[in-house]
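Next, two complexes with chain A in common: one pairs it with chain B, the other with chain C.
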Partner chain A sequence: MSLINYSSREINCKIVYYGPGLCGKTTNLQHIYSRVPQETRGKMISLATEMDRTLFFDFLPLELGQIRGFRTRFHLYTVPGQVYYNASRKLILKGVDGIVFVADSQIDRFEANVESYMNMLDNLTEHDLNLERIPFVMQYNKRDLPRVVPVDDLERELNPRKAPYFEAVALRGTGVFDTLKVACKLVLKTLG
Partner chain B sequence: MVKGNWALFEEDFWAINTILQSLIQTSSSKSVMLIDKTGQLISSIGEPPGFDVTQGTNESMYLSLIANRVILVVLFDRKTSLGLVRLKARRGGEELLSVLNKLFDKLQYKNEEISAATLGAEFTAEAESEIDSLFKE
Partner chain C sequence: MDRNMAIKRKAQQLVQKGDVHGAIAEYEKLFEGGDKDPYDFIVVADLLAKRGSMQEAVRRYRQAVDEYAKTELYKNAIAVCKKILRISKEDLAIHRSLGELYAKEGLYGDAQIHYLEFAEGSIRRQDHDAALDVLDEVLKLSADNFDLSEKYVEIALRADQPERGGRELLRRAERAKLTGRIDEAEAIRERVSTLAPSLLTSFPKAPAEAGAQGAPGGSIPPEIGAARGGAVEAGARAPHGFEPSSRAIERELATAAEPESPVEERVEASEGTPPEPELQSHEELARGYLQSGNKDLATEEYWKASEIAFLRGDLARARELLSALLGVEPTHEAALRRFVDIAAQSGDGPAEARARFELGEVYLAHEEWDLSRSEYLRCLELDPGNDRARGRVQRIDTLMNGGPPETPIDLDSLPDERPPSSVRVRDEETAAPSGDPLIDLEEIIDEFKAGVSERISGEDHESHYDLGMAYMEMGLYDEAIGEFQVASKGSPMEVKCLEMIALCFLEKNEPASAARELSRALELPGYGPEETISIRYNLAVANERLGNLDRALQHFEEVYLLNVDFLKVASKVKELKQRVARAEDRT
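Here is the complex of A and B:
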């Protein structure tokens, strides 16, 4: 559902960061914003509460520049992870071209990851979308913390389709660009 | 309804921009945007939306849904009033509706042709190398 605009020669792709509350979605975007060249990034829009919890979404446009005459952009969105914001999550998923699922590796958050993953599948179904047909990347975040679930266990539970996955410490930027790059490339494949 | 990619043709693009331009002027708003319901920006006029829409700004936003798939966004401040913005946005919305309906008809017809025109392997290769050079530490 990428918007290819043949008259102004633009291509816009939408990538959504999904995952449970406090797993580090906004942190991923903040890191990307802080490291990409200024000409590449647009304004980052964050609709957040005073406690820095995402209220509606974060939005960060990234611009690849002119590729074969097409101005090509990736629009990154995060959903609010808190359970009661499902209407926003559903809305943001609409027209998605690629999904990054950010899982919180902490043992205490295992259930929250599974719940959020199921919630994502439900919301996709409501839009007549099927995860098997959407470019998808898994990120196991917060690997720096002491009590984390082994990656094999996370893989078994959250990634039965064996999508590409990355271990990450978004707070320090580890794994953030690896995740983004693979997500963008998978989306491009669907266009080409 | 048209599924998949959607494309704007130059004539529609100008028709839409003319309507937005007139809306922003007659309502004294700061910026006007047309966004696909999926969040894709179709066109924007006026001050670039510098909206960190957090608390404490004096900007207001007026939203209306057109043809059930496009959102008209008007950003305005105290230089104008909600009443005026609403009035002008309604009028603009009606004009947009007629342009969009024509566009959707055309798309329905042309969509197959458009999706057949793939971007090609060179595009993908070039875009990938751009990703590698821009998205890094």
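Here is the complex of A and C:
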């Protein structure tokens, strides 16, 4: 649910990048941060553990113009991917306006994707949220690596409701903005 | 696959219930079934470490390292190695693994540090063979490290392997010969003649005219290709004991920067000339390779030399070397990137613009549309008259979108700023009393807040405000209030911060505090009715919750007078009037 500050006339929308550990969620945000003009973004808050894993969440505020006189700000979050940080993931999903699921295309991460996807559904249910009613974009990341699962297989398993999907190599920026743009558009649609 | 999923789900449920033993037992079933997912190994290793089974944990971490390395995910493997080192500081072998992994990542400095750690440990354990094996690797990466070469010879002698030491000396002799230092080569050969005379029969004396400049590429002995000695033969005994790796590397760098003093340190009974800095050796080799027509090796040597100069902060020298490299290989992406960095750091806009254009060309050739477009745009910022760059952008836009980008995301001004590096916060593993049985969420939040406070200064009002919004969106109202309070101090955002604080108090069901903050906001000077309309509205809501219906109605009416359509205020006024009337009737 978008947060609105009327005195400053701004709408804040929350997009969460979800996915298994090491799938490239933070890399997505880092690429976005590095490519958007400074005046449209706030500081990226990204704290990592010594294992280079996300601590709690990454956060990147973006301002992408105005709707009916209200500044529209998108708050991009990532969740920590490790299995045992579920409490953090659940918390971060609270009030989510849109979700990008970043799947790791590598064959040996297939199950991790499925597991994370199911975990996301569980956590949404706990917030009384239904993926059917939330703007959702699928990103198949790491397409440049050898031994990747064909997109059709990923689609069948992870994207049964045929949400928009993009192939990506987040490390090089490929597909990162395509994903973001569609996620933002879908969220904006829900604002009416 | 289904079986594995079921096992994992069960294991996770057990983790969430705090049953670490049960979860580990479940994961073990996965491994028995042939599962080799490195991530699973890490999860189990983490659980084992929590349980205190450190040796077992290390074994599983190692398996994760091996699996990551097999799939060339070296960074992941390195991260896991570091984790092993944290819990098992004496694990010598892990340094060797780290050396290999860093070398595969091309991070030779880090590779050397860990190789040398391993070598030092091996020497302490009297395992000279292992030390020599790993020093072979280091010498491939740092062929001109005189101290290291001497140490190698010393260890070989200690290990009663004079031939191995002799071979190292011959390698240096060949290098000296290759770079035209014939006298040095001869001096080294003299040493070999007393150390391991049999070796000299397999390495016949070279004619004096076979110097570096004249050395044809094909005549370079194979061992020189990988290992390139170049230090001067000192003929002196190296000091006893092994120099700690970090110091050795510092010295190596210092040697290059200040060629005078290290000679005194190194050479007790020197017969030779000062040792040649590594950078210079790489450069000479590059020239040698170039003359013999081997462009690939020349490029590699120029790159190494330029990186040494760059890391040492000698930007002018690095730039000079990069220019030479790009003369040989104009599409060397890393070199172009480095050139851009250096030009930017030096404030040389025209050079940066040219390099960015070339970088754009490289990306364009690889169909990296986003990247190439970004580089052309940066080039245009620096050199607005560059029609070629403008034409490229138009071409890419046509290719990508059928026209210029329509989305509100403006890629036209890419910032120089790199993403701020992550604050490293230790991932302490704790048993958790709340929420998740294994991970204490409150502790994570505290850790996160501590990390953030290191990163964001009190004056960075915008970032504190954004963070407040982030916490608020998660329902962490106390944390949000804290951030908004910091953001509001002495900042032009005070009104909106006070409003957000009030909204947090309302969420916390503390309407009195909310009303207090909103009243403060209304008292601030310089804000017109339009800017304070929502504050009045929320003040009405707070008063309504407090049961102050008259005041609530008064504020709703103020809002109504300003904007009848604001958040259905008309119906609120009507409803409140009815309630007030009913209350009056009762009294």
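Following the convention adopted for this analysis, the second predicted complex is superposed on the first by the 188 of 192 C-alpha atoms of A that agree within 3 Å, B and C clash if a C-alpha of one lies under 4 Å from a C-alpha of the other, contacts with A are read in each partner's own complex, and residues count from 1 in each chain.
By definition in this document, a contact is a pair of C-beta atoms (placed from the backbone, for glycine too) under 8 Å apart; a residue touches a chain by one contact, two chains touch by 3 or more.
Source: prediction; values computed, not measured.
**Student:** Mind checking the superposed model to see whether chain B and chain C fit together on chain A or clash?
**Tutor:** clash
**Student:** For A:I67 in the superposed arrangement: first (chain B), second (chain C), both or neither?
**Tutor:** A:I67: touches chain B, not chain C.
**Student:** Regarding the shared-chain residue A:G95, is it in contact with chain B (first), chain C (second), both, or neither?
**Tutor:** The answer is both, since A:G95 touches chain B and chain C.
**Student:** Using the superposition on chain A described above, determine whether A:Y33 touches chain B (first), chain C (second), both, or neither.
**Tutor:** In the superposition, A:Y33 contacts chain C only.
**Student:** If you stack the two complexes on chain A, which partner ends up touching A:F177: first (chain B), second (chain C), both, or neither?
**Tutor:** In the superposition, A:F177 touches chain B and chain C alike.
**Student:** Touching A:V151, do we find chain B (first), chain C (second), both, or neither?
**Tutor:** A:V151 contacts neither chain B nor chain C.
**Student:** Any idea whether chain B or chain C touches more of chain A?
**Tutor:** Result: the larger residue contact count on chain A belongs to C.
**Student:** Where does A:H75 make contact in the superposed view: on chain B (first), on chain C (second), on both, or on neither?
**Tutor:** Touch partners of A:H75: chain B and chain C.
**Student:** Once the structures are superposed on A, label A:L131 by its partner contacts, choosing first (chain B), second (chain C), both or neither.
**Tutor:** Neither chain B nor chain C is touched by A:L131.
**Student:** Which partner chains sit in contact with A:E115 here, chain B, chain C, both or neither? Use first/second/both/neither.
**Tutor:** So A:E115 only meets chain C here.
**Student:** May I ask you to decide whether A:L191 touches chain B, chain C, both, or neither, giving the answer as first, second, both or neither?
**Tutor:** first
**Student:** Let me check the overlay on chain A: which residues of chain A are in contact with chain B and also with chain C?
**Tutor:** Looking at chain A, the two contact sets intersect at 3, 5-8, 12, 14, 35-37, 40, 43, 45-48, 64-65, 75, 77, 92, 94-95, 173, 177, 180-181.
**Student:** Within their complex, state which residues of chain A touch chain C.
**Tutor:** The contact residues of chain A facing chain C are 3, 5-8, 12, 14, 20-22, 30, 33-38, 40, 42-53, 55-57, 59, 61, 64-65, 75, 77, 82-88, 91-92, 94-95, 106, 108-112, 114-115, 118, 145, 147, 172-174, 176-177, 180-181.
**Student:** Where on chain B is chain A touching in the complex?
**Tutor:** 4-10, 12-13, 36-42, 49-54, 114, 118-124, 126-128, 130-132, 134-137
**Student:** Which stretch or stretches of chain C touch chain A in the complex?
**Tutor:** The contact residues of chain C facing chain A are 1, 4-5, 8-9, 12, 15-16, 36-39, 43, 46, 71, 75-76, 79-80, 82-83, 86, 368, 370-371, 374, 407-415, 417-420, 422-427, 435-436, 438-439, 441, 444-445, 447-448, 451-452, 455-456, 460, 462-463, 466-467, 469-470, 472-476, 493, 495-496, 499-500, 521, 527, 531-535, 537.
**Student:** Along chain A, where are the residues that touch chain B in the complex?
**Tutor:** Residue positions touching the partner: 1-8, 11-12, 14, 32, 35-37, 40, 43, 45-48, 62, 64-65, 67-68, 70, 72, 75, 77, 92, 94-96, 173, 177, 180-181, 184-185, 188-189, 191-192.
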